[in-house]
């Protein structure tokens, strides 16, 4: 029940093909590595190109390692209930070495944080002065 | 503008003092280590005791290291806009070694995930069969 | 830091005064019973009139008693982190008899539900057939 | 499309069986009373044990009656769009006596609160001094 | 897997029929123009009547044109992940002239706003004085 | 209570100055046109550069006019309760011609959509076949 037609490589316009080619080169994969997320974004080529640049830059190894970035991605996706992103980023995390036990701990932290977020917001708890990185 | 009176140690009932004592023993801190979150939860002692047990268990070292757990906590808190939890868990992450660069990357991933969550939900993108851990 | 000027009774247009009059008559209160929510909505009179009708109808006694309706209102407002609504509906609940202990239990349920919502969404748990009120 | 294998009683490890046994004893039900939520959490036994303790304590009769607690649970689950929790807690509420009319009123309050939450947040309405339980 | 039975015109009580008749007259459509949203709300006639009045008033042409209102509706529905509302209001927007390119730009803005909302909330950025419409 | 130090032009590193310069050139403004959002993002230069590129591209005139894009931005920001973004994008919308009446209608649509999103999700209403742009 996609809102748009998924664009396959063979049917893609040149600027879409260019993104698909860069994605395959970057990830070292073939056409089957182009998942539905990109095929749907291809319905609006400027969005496809922009998001691919964003993902390539943000998810690259940096001061946080790639697996930790995927765990954070799953945490946000679970909080927002994005079915697609939960599946795709959990798969990416597993491919980067996430164990079953780590997945269980990840969801435990996500659940707990969602609980205490509401307790802190519901009780309207004032932030302790010592937590503020700067004086106001 | 807290909804409840913050309970100081000196004014606390025995079951609240017992939690405060365990918290100080677990964290190796003094009375100034009891932050406002606990003082607010102390207005309802069963919640204080329950949440303290939850936090102690879930945030303990496991297959994920404690810093990664704090990063996940911040990611959820930012997504939910919990001011208290952003401040308290970012402080905890810094205490466990989070660098400024890691904090920058953390927020970048959180921002990107919130963006792509809506693209995936908005386009109603079907999950690729290869991402599913089990056949339906 | 309101986005709009709060409209006091003395400065109000006739259609705004009509809502304020009906609100005071319905609640048996004076001008000080017109809280800031209504004074802000008065910046757009059709919204003021519409929302007042909605609130009057939905929050009236029905098969759920008015206190239970206020507890539900607070539960939603905490989940969405609406500071104004948490304060105004918690005050309304206290006025209808909510005890400190009930407030504590309310937040405990809200926190727990926010936690298990993410566990159920994160694990993508299929709904048990026996929970469905209708066969698909 | 669960992220984890659902664990049946016959296949469960001892600490999972212990939770299942306590759940059946507490609820006075048989194996068919162990719904998918618990079978999915059983993939991470510490989460199963912790959440079961949480649910048992928080949802027990207290100053709020069990039906009211279920209504609050449904209100949060609808706000967060947790399909599983809407179904399971609406079923629990019906089992505790929720009428069709009460369900209709519940959703009406949830819808209204979600509407006015955004009006209050969007207009950035300052909280009336009289609503604050404590002077700042 | 609806929570309630969808009410067809032939089976409807008089107050439900009255809303259906007004909806068909307002929209210039036949029975097939009564979509499932209304048939589900008909399970609680006061909600059906109230929401129909709300929709009729709020979505009528005003200072914003009807297509812009539908785009805003889709933006909110995508942010909240309401599958039903995304489909029904995207269909309404297309019927009012939304092009494929406009839909692509709409989702791009929605995605970007969800990203920067979290950056602004995560960094706890103070609002510039010049953005405030009123001095505090 | 910002989480990071706001970076003024005079204190900025070259890659931050480059973004500030491009922002001033694009918007035809001086240093006072660099609002706190950018000064906070400057704490992590890759995020500053990336988000500025995103904003420049997505918010440029296209098939949707710039005012409509700002209205959509405000709608998302209100739904997510991002105080900073509500203020900054409402100011941008006013600068592009948004009237008080349009702001009132915008919030009315946002409020209504948040209400009906929960009714549709709460009743689990099946999507009408005629709304789907593609057969499944």
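Annotations for the structure displayed:
For clarity, chains are labelled A, B, C, D, E and F in written order, and residue numbers in each chain start from 1.
Assume contacts are C-beta pairs under 8 Å (C-beta built on N, C-alpha and C of every residue); 3 or more make two chains touch, one makes a residue touch a chain.
Predicted model only: the values in this text are computed from it and were never measured.
The chains in contact with chain C as well as with chain F are A, B, D, E. Shared contact partners of chain C and chain E, listed by label, are A, B, D, F. Between chain B and chain C, two chains of identical sequence, the interface residue sets overlap only in part, with shared numbers making up under half of the total. Put simply, chain A has to spin 180° for its C-alpha atoms to lie on chain B, with the angle rounded to a multiple of 5.
With centres defined as mean CA coordinates, chain D is found 20 Å away from chain B. Between chain B and chain F, the centres computed from C-alpha atoms are 27 Å apart.
One finds 34 Å separating the Cα centroids of chain A and chain C. Contact with two or more other chains is made by residues 1-4, 43, 46-47, 50-51, 54, 58, 79-83, 86-87, 90, 101, 105, 107-108, 110-112, 114-119, 121-124, 127, 132-133 of chain F. Those residues of chain B that touch chain E in the complex are listed here as 74, 78-79, 81, 83, 86-87, 107, 110-112, 114-119, 121-124. On the chain C side of its complex with chain F, the touching residues are 1, 3-4, 43-44, 46-47, 50-51, 80-82. Those residues of chain A whose C-beta lies close enough to touch chain B in the complex are 1-4, 32, 35-37, 40-41, 43, 47, 51, 54-55, 58-59, 62-64, 68-69, 71-73, 75-77, 79-80, 82-85, 87-91, 99, 101-102, 105-106, 108-110, 112-128, 130-133. Contact residues on chain D toward chain E in their complex (touch as defined above): 81, 86-87, 90, 100-101, 103-105, 107-108, 111.
Remark: chain E residues 1-5, 46, 50, 53-54, 57-58, 127, 132-134, 136 touch chain C in the complex.
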